[in-house]
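Dropping the structures in below, format is C-alpha cells.
First chain A sits with chain B, and in the next complex the same chain sits with chain C.
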Partner chain A sequence: MIKKVVTLTNKLGIHVRPASLISKTASKYRSSFIIRKDDMEINGKSVMGIMMLGAGQGTELELVFDGVDEDELMEEIVELFKDKFGEE
Partner chain B sequence: MEKLKGSSVASGIIAGKVTVVKSNIYQVTQGRIDNNEIDEQIQQFQDSIKHAIKEVDLMLSYLETHAKNEREILISHKEMLKDEVFIEEVITLIQEKLFPADLAVQKYIDSLVNRLNNLDDEFLVQRKEDFEDIKTRIIRNLHQKDIQHYDKIKHERVVVISEIIPSLLLTIKNTDPLALIAETGSMHSHSAIIAKSLGIPVIFNIHHATKTLHENDFVIVNGDKGEVIKDPTPEQLEKYKEIRKEQQKKLKEKISLLKQPIITKDRVPVELMGNIEFPEECDADEIQYADGIGLFRTEFLYFLDNTFPSAEKQAVVYKKVISSIPEGKPIYVRVFDVGGDKLQREFGLHKEKNPNLGCRGIRFLLKYKEIFRQQIRGILMASSLGNIKIILPMISSREEIIRSRKIIQDEMRSLEEENIPFNKNISVGIMVEIPSSALLAHEFADVVDFFSIGTNDLTQYVLAADRNNEALSDDYTYFHPAVRSLIEMVIRAGSADNIEVKMCGEMASDPAAVALLLGMGLRSFSANINKMVEVKKIIQSYTIPELEELYQKHRKASQEEMRNIYGEFIA
Partner chain C sequence: MQSLTVKKLFELKQKDFTLTLLTKKKGLSKEIPTPELSRPGLAFAGFTDTYAYDRVQILGETEVKYLNSLEPSKRYDQIKGLFSQFDIPCFIVAKGLMPTKELVFLADEHDIPVLQSRMQTVDLMHGLTVFLQDWFAPSKSIHGTLVDVFGVGILITGSSGIGKSECALELISRGHRLISDDVVHIKKRMDVIIGEANKQLGHFMEIRGIGLIDVETMFGIRSIRMQKRIETQVELIPWRHNMDYERIGLKERFNRIIDIEIPIIYLPVSPGKSIAVIVEVIAMNHMLKVYGHNAAEVFNERVQKEIERKNRIRTYLESDKE
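Moving on, here comes the complex of A and B:
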C-alpha cells in the first residue's frame, strides 16, 4: 500500500472533466484507489464519488493505492495532478 | 394575481385554463423484492442505464454546436452514467437489501447528495443538480411503462409540465395545447426546436411551475416576455385582449406577406428558400410558403446515435422532409460536413491542429467512402418521391467533384440492379465555400448542376479570419471587397455557363446584404427561417435597376463603407 498527499493546483479544482480523467485512468489498473479528503473517503475509480468530494483549488487530498500494480497506478495518477489535468 | 418568470422559447400571447401534467413516475417503488426477482431487477436497471445514455446522446446531438456549457454538462452526465462503481453498488443494493431497482438508484444517489449537502460551496449547487438529474433520468427510464399516463392530458389547455422530452411533445401536440410551460429545458435543445414548431407560446425554466400552478387555474401566457400571469386583474385581462388582437393582426399580415409571390418591385422573380437542420422545422409557415429548402444540413443524423445511420434509416428522414413541404419544391441536401475534430476517436484520426483546414466535408467523405455511399444511397432512395438535390460540401478541386460523381453513379447502378426506384437525373451541385472553387467556378461548369455559395466559410477562408474569434469580429465580414469579388466571379461563371447560382449562409439572411447581392445579379437565396420575412420584404421593396445602379456606384467601397451604405439604404 502507498499513500501520497497531493494539493489541487488547477483553477477549477476537480470538476467533471478531471473526475472522469482520474476515474478512467484508475480503472485501467487492478489495484484499489481511494481518495481521502478530511473525514471523507471515496473510491477513486468512481466519477460520481470524485465529484462528490467537491474539491476546489488548494485542497489537500490523500491518495491511497493498494494492489499488485500500485506503483504504476500511483505514478500515472500523480502525474495527472502535477499536470493540472491539462488545465490552467 | 401572481407573476411567474421563465425564458421565452416561442412568442405569442394567450389566455386559458391550466392543465398540469403531474407525473407520479418519479415516485419510487416501496417495499422489498423477492429473491427470484433479483435478476430481472438488475437487468432492468442495466437497460435503464443504457437508455439513459442514449437519451443524453440524443440530447447532445440536437444541441447547437455553440451551446458549449450545455454540451459540457451533458457530457459529464454521460460520464456519470457510465460510472462502474455506481453500477456495482446499485446492483449490490438490489442483491443484498432486496431493494427494487428504482429504490436502489434513489438510495445510492441520495446518499451521495446528502454528503454533498455538508459542503457549503456555491459551485456544488450545480453538482447537486447533476446528481438529481441523473437520478430522475434513470428512474424515468425504469418507469418507461408509465408514460401512457400522458394520454390523459386535457385538450386545449395551457400545458404545464416538469421537463419536456421530444417524444412527449408529440403526445402534447395532439391535444391542441394553447401554450406550453416547462420547469426546465434548454433553449438550444431539440425539444425547444420542436416546441417552436407547435406555433404556440412556449416558456421554459419556470421553476416549480407544476407546484405553483394548479389544474383549472386561469392564466395569461406571454411568450414574448417569458411570463405567466396567474389570476390576472381585470386591467391585465383588458390589456391582454388588446395585445392579442394586435398579434392576430400581425400574424395575418405575416401569412399574407408569405403568400405573396416572391418578386422584386419591378416583378423580377427571385427564389427565396429556407435553411433547416431538423425535419420538424418544415412546419414553420415560412418554409411552407417558401420556394423550398435551400439547405438541409444533415450532420444531426450522425449525432443521433453517434454513428452514421444506414441508407435505409436516412431515407426515412429525407422522405419525411419531402412529405412535409408542398409537392415539387426543391430540397437541397448537403451531405455530411463533419471532420476529424469531432470524429477523432471513432476513426483513429490524428488530432488536427487546425480542424478548419483539416479533413472535413468532401475530404472526409472521400476518405471514408462507405459513409458517403450510405448517405448517397439514402438520398437516392428518397429521390423518386420529391425534388431532392445533392450539395457536396468543402469542394476545392475539380477532381473531388468527379470522384464524388463517380460514387453517385455507382450507387445509382446498384439501386438499378435491385430495382429500387430513384431519380436518374438528380441534380448534384457544390458548396462554393473554399476560395479555390470560387476562382475555378468557370472550370467546374461541365461537372456541376448548380453552385451554392456558403458565405460563412468563404469569408473565413479568404480573409483568414476565424468567425468565432471575438478579437476578429470586425475583420470577419462578408462585405469585404475580396468576398464580394469572389461572389461576383461565381455569379459570372454561372451566367456564362448557364448554371444556377444560389446562396445559403448568413449573408443570404442579412437584409442589407441581400439588397447588395440582388444588385450584383444574384437571384436565389436560402435564409434562416427567422429572417425570411425580413428578406422577403427587402426583395419586394426595390427594383432591380435601382439596386444595380446602387451597386455599380459603390463597387469600390471598403467593407465598412459598404456595410453603412446598405444599412442606411434599407433603413
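Moving on, here comes the complex of A and C:
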C-alpha cells in the first residue's frame, strides 16, 4: 500500500473533466484507489465519488493505492495532478 | 467532523433557539468541545471538584436566582474565581432571563460568550442536546449506494463496476427511492446508522455506457429521499463456481459500521439475474423478520413437526400387534 498527499493546483479544482480523467485512469489498473479529504473517503475509480469531494484549488488530498500494480497506478495518477489535468 | 465554534452554533440556531448575544462578539470564536451540557449551579456555589467546565453551560431560573441572592462583592469574587480557573466555552441563559451584570461583565473580560434564549430551560436543553449530539455524532463516508426499498434502507456495496448503480436504477424504476449513489455519508444517531444524500450536489448517478443521469428530474421527486436509516447491507460479489453461498438463511451475518451491527447479505451476481427483484425480496424478508416471521425458522419448524408426526405414527403402528 502506498499513501501520497497531493495538493490541487489547477484553478477550477476537480470538476467533471478531471474527475472522469482520474477515474478512467484508475480503472485501467487492478489496484484499489482511495481518495481521502477531511473525513471523507471515496473510491477513486468512480466519477461521482471524486466529484462529491468538491475539491477546489489548494485542497490537500490523500491518495491511497493498494494492489499488485500500485506503483504504476500511483505514478500515472500523481502525474495527472502535477500536470493540472492539462488545465491552467 | 467539523469543529463547532460558538459563532457557528449562534448562526445556525439563532432562530430555532431564539438566541441573542449578551456579550461582545470577541468571544464567539470559542470552540465547543463536547456535546454535553452542564448546569453550573454547584460550581457557582463553590463546589468545583467535578465541574464539567468544558461543556455548554446552561443557566436556568435556579442559577440566575442563586447568583442574584448573593451579596454583590461575594458574587463578583465567586464568578471571577470560576472564570479565571476554568476555560468555559459559553453560557446560555434560558427563559429570556437576564443574568447579573457581574456575570456578563466578567464573561466579556474572559472572552466567554453569554447567549440568551427565550425558550424554557427543559426545551432548550433538549433542543441543544439533539443538535449537539447530531453534530458530534461519529460519521464517515462509505463507498456504496443507498436505496429505500419498501421503507427499508438497503445499502448496496461491492467492488467497482459490479453493478451497484444499475441495480439501484432498476429499483428506482420499480418505484423505490434513491438516497445516494456511490458515496454515502453515514452518521450514527443513538443506536442506528443514518445514510445521507449529498445536499448540495443532489441525486445524480453514473451509469456505465451512458454517463451521468439526474435521477430527480428523470424519475421525479418521489424517487428520491434525503436520508434513511440503514437496516440491511447487500454486498454484491462476483458469481464463482463451488463457492459456499447462503442457502437457508437460518444464521444471520453482520457487518459492523461505526459500532453498529448491520445484517449483511452476500449476493452473488451473474449475467441475466435480476438483482433488483432479489433486493426487493431481501427488504420484504427483513420486514417479516422484524415483525417476527422468519421464513427459514418457520420452514425448519414445519419439517421438524412433520418428522415428529411421522415418528409418532410409526411407533403407534409398530406397537400395534393386532
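Couple of notes before you dig in:
Following the convention adopted for this analysis, the second predicted complex is superposed on the first by the 88 of 88 C-alpha atoms of A that agree within 3 Å, B and C clash if a C-alpha of one lies under 4 Å from a C-alpha of the other, contacts with A are read in each partner's own complex, and residues count from 1 in each chain.
Note that contacts are C-beta pairs under 8 Å (C-beta built on N, C-alpha and C of every residue); 3 or more make two chains touch, one makes a residue touch a chain.
Given the structure is predicted, the values throughout are model-derived calculations rather than measurements.
In the superposition on chain A, A:G56 makes contact with chain B only, while chain C stays out of contact range.
In the superposition on chain A, A:R17 makes contact with chain B only, while chain C stays out of contact range. When the two structures are aligned on the shared chain, A:S27 is found in touch with chain B and with chain C.
Contacts of A:M48 after superposition: both chain B and chain C are touched. Overlap of the chain B and chain C interfaces on chain A comprises residues 16, 27, 40, 43, 45-49, 51-52, 54.
Within the complex formed with chain C, the chain A residues making contact are 16, 27, 39-43, 45-49, 51-52, 54. In the complex of the two chains, the chain C residues touching chain A come out as 1, 139-143, 160-161, 181-183, 185, 198, 200-201, 204-206, 212.
Chain B meets chain A in the complex at residues 72, 75-76, 79-80, 82-86, 109, 112, 115-116, 119, 121, 123-124, 127, 130-131.
Against chain B, the residues of chain A that register as touching in their complex are 15-17, 19-20, 23, 27, 40, 43, 45-49, 51-52, 54, 56.
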